[in-house]
Amino acid sequence: MKLKGKKALILVEDLYQEMELWYPLYRLKEEGAEVFTVAPEKGRIYKSKLGYPVTSDMSADEVRVADFDAVIVPGGYAPDLMRRHPAMVRIVSDALEAGKVLAAICHGGWMLASAGVLRGKTVTGFFSIRDDLVHAGATYVDREVVVDGNLVTSRKPDDLPAFMAAVIDAMSR
Amino acid sequence: MKLKGKKALILVEDLYQEMELWYPLYRLKEEGAEVFTVAPEKGRIYKSKLGYPVTSDMSADEVRVADFDAVIVPGGYAPDLMRRHPAMVRIVSDALEAGKVLAAICHGGWMLASAGVLRGKTVTGFFSIRDDLVHAGATYVDREVVVDGNLVTSRKPDDLPAFMAAVIDAMSR
Amino acid sequence: MKLKGKKALILVEDLYQEMELWYPLYRLKEEGAEVFTVAPEKGRIYKSKLGYPVTSDMSADEVRVADFDAVIVPGGYAPDLMRRHPAMVRIVSDALEAGKVLAAICHGGWMLASAGVLRGKTVTGFFSIRDDLVHAGATYVDREVVVDGNLVTSRKPDDLPAFMAAVIDAMSR
Amino acid sequence: MKLKGKKALILVEDLYQEMELWYPLYRLKEEGAEVFTVAPEKGRIYKSKLGYPVTSDMSADEVRVADFDAVIVPGGYAPDLMRRHPAMVRIVSDALEAGKVLAAICHGGWMLASAGVLRGKTVTGFFSIRDDLVHAGATYVDREVVVDGNLVTSRKPDDLPAFMAAVIDAMSR
Amino acid sequence: MKLKGKKALILVEDLYQEMELWYPLYRLKEEGAEVFTVAPEKGRIYKSKLGYPVTSDMSADEVRVADFDAVIVPGGYAPDLMRRHPAMVRIVSDALEAGKVLAAICHGGWMLASAGVLRGKTVTGFFSIRDDLVHAGATYVDREVVVDGNLVTSRKPDDLPAFMAAVIDAMSR
Amino acid sequence: MKLKGKKALILVEDLYQEMELWYPLYRLKEEGAEVFTVAPEKGRIYKSKLGYPVTSDMSADEVRVADFDAVIVPGGYAPDLMRRHPAMVRIVSDALEAGKVLAAICHGGWMLASAGVLRGKTVTGFFSIRDDLVHAGATYVDREVVVDGNLVTSRKPDDLPAFMAAVIDAMSR
């Protein structure tokens, strides 16, 4: 249990990719961390692309990023919905500023772009959004996981083992 | 019939927004234009977000943009799939270069970003992709239709009447 | 804008054919007309065969056909549901009597049959309901659009360009 | 077992009402009858409104009505599909002419209308198609089951117990 | 009408097999019996595997088995849900004890196992649950219907004609 | 990476619970193990309850349990389908006999019952199948994870962190 006493946020919205939300959530719990799901609304059920439900523990408005050690952004088309809410985007920019671990997988990179945290960073992400990441100032590389300071990024569900190993490592430092 | 003898291309992929593909398609036919659907593969059935089918008339590889008067990019999540195919993206960049009418609605703007045609342009689009459009060099305005030279853009399905009026007007010039 | 100042009604119910409702709705707006959706209940969301939503602007009970210039009946299986409501059927019979433009496409012809407006008329419609149209007194022809006085009929979604050209023409007279 | 040695046909197509096909099918088997499903194509799987599958035993083309004792037409929207096939409609008209038991429930009446067997008959059926039945020459009454000679009709799934009691009675005469 | 004055219960839950609930329900009504659907909650709509709705007439809590002549357990995955409710299971054990007709088809056998009524009984059921039936003390045979005293069991939907003939026979004794 | 050089099998069938298959699969890979999916057929796509696809790496027939270190049985309704195939059941009984780690979660216990490995064992599992586990000879306890020798069992998706911690621990011994 490498993460006893640590606390992480996972951003949720409808159309999330099933494994990219639940693998990190269960994985962090397995290491002893507390994990909280955050969405535009608190206590609402959000559904994955196929309809798998998740209930939000907190609303974005009530989150104080200072109280947490990591913020994780899953993919699917959920990031296209998340970025419509300034309070969701603010969690991502606050996380980077405060030196928290910030991790995004697949289409989760759209939230990094909207949060303005990509300038000068080296990242990866799903290849269809590469242009959006590059236009936002990032250097894009095609690897299963890329760690640039506290920023951890991966490309797709099959990268989850490498992604979470890197996230846990970053949170343990 | 204002468009007799004109020929238009509509880009298609799975997860397209139903009305943003079919309203332009039928509308241009009503004005006497010939309309062709283009996709990564020819003669395949592509399905909208809700499953409404469209068959592709041509593959992107075989398109010569010089033979057409306009290129239209519908929205939904189809543009996220279209931009994975360089031949689809090339149609958009070729259209702008060749001075054809180039029109995109809703999330269709992602294709404009990937085609590199936005630098210095004024456009609109669905508000969730505004950051991607701006990062790609565009000035974003919130109006039902924006015409900048041969580039016509709109925000969402309810803008279709204004969008197609502007497209037809541009094609008639 | 050929229809400035004109007002049209589109009848809606669950299981409507997606394009047969939305193409006329957006098309008439493009010409400057005001368009209102009418259903058994006001302010309810009705869903197409695939689940595409439309909200009803008015209930059939509150409609005064004299205030409008045209009534349009889309197809799908919605007409099988519409004809269960006498107030919906009355809108169709009132429209014909008052000399309004009355237009039906595809299975929309069932509403013409129930409204008793087919005796002596020449019409078209989806071929599976030809027997019902003929039994109701109509002469059936197989053409993309048939105009008999103020009655405009078509067979299927791909007839929409010809259908709406004829409807706009009839409303402009 | 009141129907030993008897043979019945049930017409099938996509979008059939689940119970209106399977209750008669199993019920006739329970009485010892042989039951065959007939569709435009043989050996194809047809799906109900909700997707419940049935495989067709025979194609309409190969059916000789003289070899059977009864023809049953279920409802749902399947009859709208059945009547597009002259060979399916011919089974119904042949059945009446040959004095076989002919039974239709719910929207199954559309097949009676297309087969031209309703003139002078008293029937029931789903209330939304009453106008089509009357225009085709029938007298419509609102009862759970109506028997007029060899013609048995009912209104909806909940009429199935009365419907099949009447069908079995007619087949036993 | 062999069952005038008789009363039967059918247990319902979500994910029930469509025909295994409705064929018995309509069949018993055809013979003049009164039939009541029982579920954990009264007046709620339960949905079959494909979504076919049934409303519960009674809650399990309010059932007095002494007032009824038969209890029927349909299959699908509904029995996996039913057995989570002790009041549902109690109806089954009470029925056997009180010498009522107790009938189960397909996966309905899980309820017999949970009710502890299988020791020393000969039964059939869907072959995937054979081990569970045997472990619960039953002798398993592979036949379309098995009658052991008041216990009637069948294997799958296509056994329904034999199943209901046996149930009606048992209820008529 | 605690499991370098280890090899695990995960049993798959349609209707599997999404997380109970993919969390173990990715989790074991994160620890450096090789993981293979096994199904009745090789190279076929199996779909979860909601339709999430997994491709089988091996057919049950070709598996030699001696070559692997662990066998994992996910839940959902997949176990009801798996146990219809003797070759799938044999993998489970072989695993126990050969002293491999054998792990089942939720409804996965049905496979343990059919494999005859429960006599004298203490286990947990989804509460709706408790009776089936007890009838098969097990002592049932209600805990997030139960380890009895090489047999590891859990109750439901939210037990996955504890389940996989125990599985990895058992595989590391």
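Descriptive notes on the structure:
Note that the chains are named A, B, C, D, E and F in the order they appear, and that numbering of residues resets to 1 at the start of each chain.
As a convention for this text, a residue touches a chain if its C-beta (ideal position, glycine included) is under 8 Å from a C-beta of that chain, and two chains touch if they have at least 3 such contacts.
Nothing here was measured: the structure is a model prediction, and the numbers come from that model.
For D-E, the equivalent interface among the listed pairs A-B, B-C or E-F is B-C, as over half of the contact pairs agree by residue number. Chain B and chain E have CA centres that are 58 Å apart.
Each chain gets one centre point, the mean of its Cα atoms, and the points for chain C and chain E are 49 Å apart. Chain centres here are Cα means. That of chain A falls 30 Å from that of chain F. Multi-chain contact residues of chain B (touching two or more other chains): none found. Because contacts link each chain to exactly two others and close back on themselves, their graph is best described as a ring. The cyclic arrangement of chains, read from chain B in the direction of chain C, is B, C, D, E, F, A. Of all the residues in chain F, the ones that touch chain E in their complex are 77, 80-81, 83-84, 107, 110, 113-114, 127-129, 131-132, 135-137.
Residues 18-19, 22-23, 26-27, 29-30, 48, 50-52, 160-162, 164-165 of chain A touch chain F in their complex.
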